[in-house]
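Listed below are the structures to be examined.
Below, subunit A partners subunit B and then partners subunit C, in two separate complexes.
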Partner chain A sequence: MTRANRRRAEWLMTAPSVLWLSMFFVIPTAMVFVMAFRVPDPYGGLGKEWGLQTIEALWRGSYGPVLWRTVWMSVLATMACLAMALPVAYWIARLPKSAGRWVLAIIVVPFWTNFLIRIYAWKTVLHIEGPLKQALVTLGVVDPSTSLLFNSGAVIVVLIYNYLPFAILPLYAAAERFDFGLVEAARDLGAGRWRAMASVFLPGISQGLLTAFLVTFIPMLGSYAIPDIVGGTSAEMIGNKIAQRVFSDRNLPLASALAAVLALLMLLPAMGLLWSPRSASRRGGGRGA
Partner chain B sequence: MDAYFRLDGIRKAFGGHEAVKGVSIDIRRGEVFSLLGPSGCGKTTLLRIAAGLEAPDAGGVFLDGEEITGLPPERRRINTVFQSYALFPHMSVWDNVAFGPRVARRAEAALRPDVGRMLEMVGLAGRAEARPRQLSGGERQRVALARALINRPQVLLLDEPLAALDRKLRQRMLLELDRIHDEVGITFLYVTHDQEEAMSLSDRIAVMNAGRVEQIGTPAEVYERPASRFVAEFIGDTNLMEGVVLDGAAGGVRRLEIPGLGEVLAARGRDSGAGERVLVSVRPEKLHVSRGSLPPGSGRNVIRGRVEDVSYRGAETRYWVRAGALRIAVVEQNARLQHGERPPTWDESVWVGWHADDAFVIGSPAGGETG
Partner chain C sequence: MRRSRLPLLAGIGVLLFLYLPMVALVAQSFNASRFGGRWMGFSLKWYARLFENRPIWDALWNSLFVALVGTGVSVVLGTLSGWAMHRYRGGLQRVHHSLVYAPLVVPDVLMGISLLLLFVNSGVPLGLGTISLAHITFCISYVAFVVLGRLQEFDDSVLDAARDLGAGWWTTFWRVVLPMLAPGIASGAVLAFTLSIDDFVITFFVAGPGSTTLPVHVYSMIRHGTPTLINALSGLLMAVTFGLVLLGQRFIRQSR
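On to the complex of A and B.
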């Protein structure tokens, strides 16, 4: 086969996936970005003209605090997820294979229940007269007048609950492939339990950590239902703002602009992590033994 | 004889299976001591107990007079070269070797010359920046060695360190290990299933089988004077002949009746009384095969047989000779044949001879209970 022929074959083989990605990812994303530069028409549709009105509205609309809250709540919830998922993944990976599968199943099965039902369940749990509140009042931990619901705390708790399995699964996959002989070697060389974990186990599952971070942090940034149901106005996230622009104001360009901002927010850290020199060199060299 | 590193009455079971059934070993300071046995004999479990990676169910581990049974691995001055090497894949060769000193909080400036010297000793000074996956098997093995030795352990444990290497490299690394042992003078506890490795490297060997020690001795002792049928068969090849003792003068030459062969003399091994059923072990290289009759002499055994198989191996030739119900293995060095003699070939009738001094009585045919 000549070089040109091979090139053509490569193109033919990648064409379907390129086509798929452009149809369902690149074009819609580009449309969202483009729509931000249209003007809304009075009936809630898109006007014919182009303009920078929505970009100005972005600045005037004081989305800064909401954006900031979205980011810090997501960062906090992601970190909590990783911190909780790490020991769980480690533990499952050390279990005998069959026992590990059972534990994984137990973790995943509750998530067959509808997403909204699970969030409403939390609303019941955290309710002013709910079981958790009553228990905490009885124990004297909280004042009877405090509310566990409709604040950023409630949103973070439910975010953690909802995304924890998504952090456990990639970490487990990485830990399961990890050679625990390396931890023994580190201990043998004088490292204590925690030192061995930090210097050998964590670097060994770094790809899993990265995946777990991305698959929890990115959807959290775009959360809409969770802050809508348990958050209230003081804990709104950017997803709620986008929904309000679409459903209440019928201002599609502004909704698009906000969505574009969110997309950029997600894209930048993901790109930064994926194209960092370290992970690039690892990709080039393949996985270590 | 001072015991520097002592394993005392070690027992260990895994889920009902007893891997180590009461093993006691005394290792002297500076010696190379091997645990030799087939896979599953408990040698690796014993090594892991010595390292602190496994806790014994019973028994104690003592190092330089102190009990260390309960100490975690990081608090023992014992380092291990693992069978898979267990090099840290995300670290360079340099960082792998520097791991121990860094964990011990030694200053970078202080540990740098040490790491350099270690890499030089194992011949990897030029590969300091390489990652483990870029190294060959032999290079990885040497990194593992340097990484363990830099901590100046009191005992170095080696778990089948050459098993992953090809034959040529294995022999070179054996010499290398020997040189390094002479250089550092550290006590080595070496685990292997390869008797050649154990023989050529060790000062003493413990031959293990099914969780027990069958015999402890120098390589020559375990080879020349096997304490049990298992040892005789596991270390090298041997001819085992079952017979009955006719007269058992203690310490002297014993006369035995071997069915199909007749009377045979054996000068060494276990004392046994007349009428006792025993096994006699004769190493193939102690036997001679000849087409002409072998010169008789005092203490010589000579039997008649027929060559069943001949296998030419370059330096030596192996013969299998049928004599009665026995199939006897003979190894002859292919030195220059004298007086125009022609070596025996297939299906020829031959004489097989050996000296009573090379016949070793190892106990009852049932094996095991050799005392």
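On to the complex of A and C.
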């Protein structure tokens, strides 16, 4: 095949997906930023004029507390996911291969059921007459009048529930490649169990930790259905605000401005990780790891 | 050295955490009580009600239609894309790779609102058409990466062999590459179909009034409907899912 032919073949194979994604992903994403400078029209569409009206509305709308809540709930739920996923990934990685694959399959299977039904299941569990509430009342932990639903605690639990497998899978993938002989060597050299974990195992699976963090934290920032179903007005996240601007008062420019804020918010952790000193040293000379 | 018990206990705890809500929900679906909650005896009546409920079945047909269109188109685009990423190196493929990767990390809300802005701005009426366009868009990346993953085991020397035997690139693709890629394409298609039929958030944004898929209908049932019907629907969907997963496992084991 000649060079020009090869080049043409490459373009023929690449063009369809590139054109499709430019049209339906790149342009729409850019529009999120551009449409924030449009003025809403009275019929719930996008006005033709440009202006800073929407940016002012964003400022006046006092979205600060919602933004802050979005961040702290996501951070807390991500940390809990990682803390729960770590020992599980360790456990599966040390099982015999075939048993490990079974356990992994059992962990993933519930996630083939519909996303909304998984959230709804928690509505049943946390329901005022649900099993958990009754158990807690019997144990005397909570008062019969407290509601386990419609607060930020409920949202965090369901966030953890929904994203836990996404934290387990990359951690398991990293732990499976890890040489457990290193932990034993550290123990032989006198390190305690926790010390060996913290200074040998965790650094050894750092790539998996990073992936697990990103694939749980970033989608959590954009949560909408979970706080909508199990959270009340006191547990709203930025995703809820975007949806309210679209469906309740039909202010598309303001919805788009809020979405732009969300996009910038999720770029921050990604940027921070890329330029952190640790990852810089890894790129520099971390070939031994 | 004595092994710590902690990982085992954590594993059991996590499995309970993952399964108990499901078990509670299925148990509720057999509860004769009208309001859920307290146990009032075993009953199948909610399942019977489910089968009489027309809107649920209409929504299911819409979902199947969108999933078939979405899977069909995204499998073609995604396979070409995965193959291109595997076969070629250089500037174009670097751009291509990040372009295909980006939709995987963008939250659904963002994708939903951005597509809504595109459709509203260009005057496209919202409905099953816009839902299908959205589903194709988010499925392409998954198919492309599943196909690309399968290609790592692919022996590129057969391509040289095909060429030496006089095959052009199209013949090579159609007669050599595609048959070898078939398992990868099939798992990509299953993934795309599952994601499409499961999607709620993106669909909700671009659906417009009147075109309801099953997840959108489930959402309105959760918000406004009676819990008993959703309980039964959940039980039914879970039975179908677990059945399909078991069937899939058996299929994979047989094809090995």
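By definition in this document, the second predicted complex is superposed on the first by the 251 of 289 C-alpha atoms of A that agree within 3 Å, B and C clash if a C-alpha of one lies under 4 Å from a C-alpha of the other, contacts with A are read in each partner's own complex, and residues count from 1 in each chain.
The definition used in the following text is that a residue touches a chain if its C-beta (ideal position, glycine included) is under 8 Å from a C-beta of that chain, and two chains touch if they have at least 3 such contacts.
Since this is a predicted model, take the numbers as computed values, not measurements.
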| item | value |
| --- | --- |
| Three-chain arrangement built on subunit A, subunit B and subunit C clash or fit | fit |
| First (subunit B), second (subunit C), both or neither touched by A:Val246 | second |
| Partner chain in contact with A:Ala121 - subunit B first, subunit C second, else both or neither | second |
| Which of subunit B and subunit C A:Gly204 touches, first, second, both or neither | first |
| Contacts of A:Leu164 with subunit B and subunit C, given as first, second, both or neither | second |
| Which of subunit B and subunit C A:Gly45 touches, first, second, both or neither | second |
| Partner chain(s) touched by A:Thr2 [first = subunit B, second = subunit C, both, neither] | neither |
| Subunit A as apex of subunit B and subunit C, Cα-centre angle in degrees (nearest 10) | 90 |
| Residue contacts on subunit A - larger count, subunit B or subunit C | C |
| Subunit B versus subunit C as contact partner of A:Glu184, first or second or both or neither | both |
| Nearest-approach distance, in Å, of subunit C Cα atoms to those of subunit B in the combined model | 5 |
| Touching both subunit B and subunit C, residues of subunit A | 184, 187, 193 |
| Sites on subunit A touched by subunit B in the complex | 179, 181-182, 184-193, 195-196, 199-200, 203-204, 206, 285-286, 288-289 |
| Of all residues in subunit B, those that touch subunit A in their complex | 51-53, 72-74, 78-80, 82, 84, 86-90, 99-100, 103-104, 131-133, 147-148, 151 |
| Touching residues on subunit A, where the partner in the complex is subunit C | 1, 5, 9-11, 13-14, 16-18, 20-22, 24-29, 31-32, 35, 45-46, 84-85, 87-88, 90-92, 94, 103, 105-107, 109-110, 112-118, 120-125, 127-131, 161, 164-165, 168, 184, 187, 193, 214-215, 218-219, 221-225, 229, 239, 242-243, 246, 252, 255-256, 259, 262-263, 266, 270 |
| Subunit A-facing residues of subunit C, complex | 1, 3-4, 6-8, 10-11, 13-15, 17-22, 24-25, 28, 36-38, 76-78, 80-81, 83-84, 87-88, 92-93, 95-96, 99-100, 102-103, 105-111, 113-118, 120-121, 133-134, 136-137, 140, 144, 163, 169, 194, 198, 200-201, 204-205, 214-215, 218-219, 222, 227, 230-231, 233-234, 237-238, 241-242, 244-245, 249 |
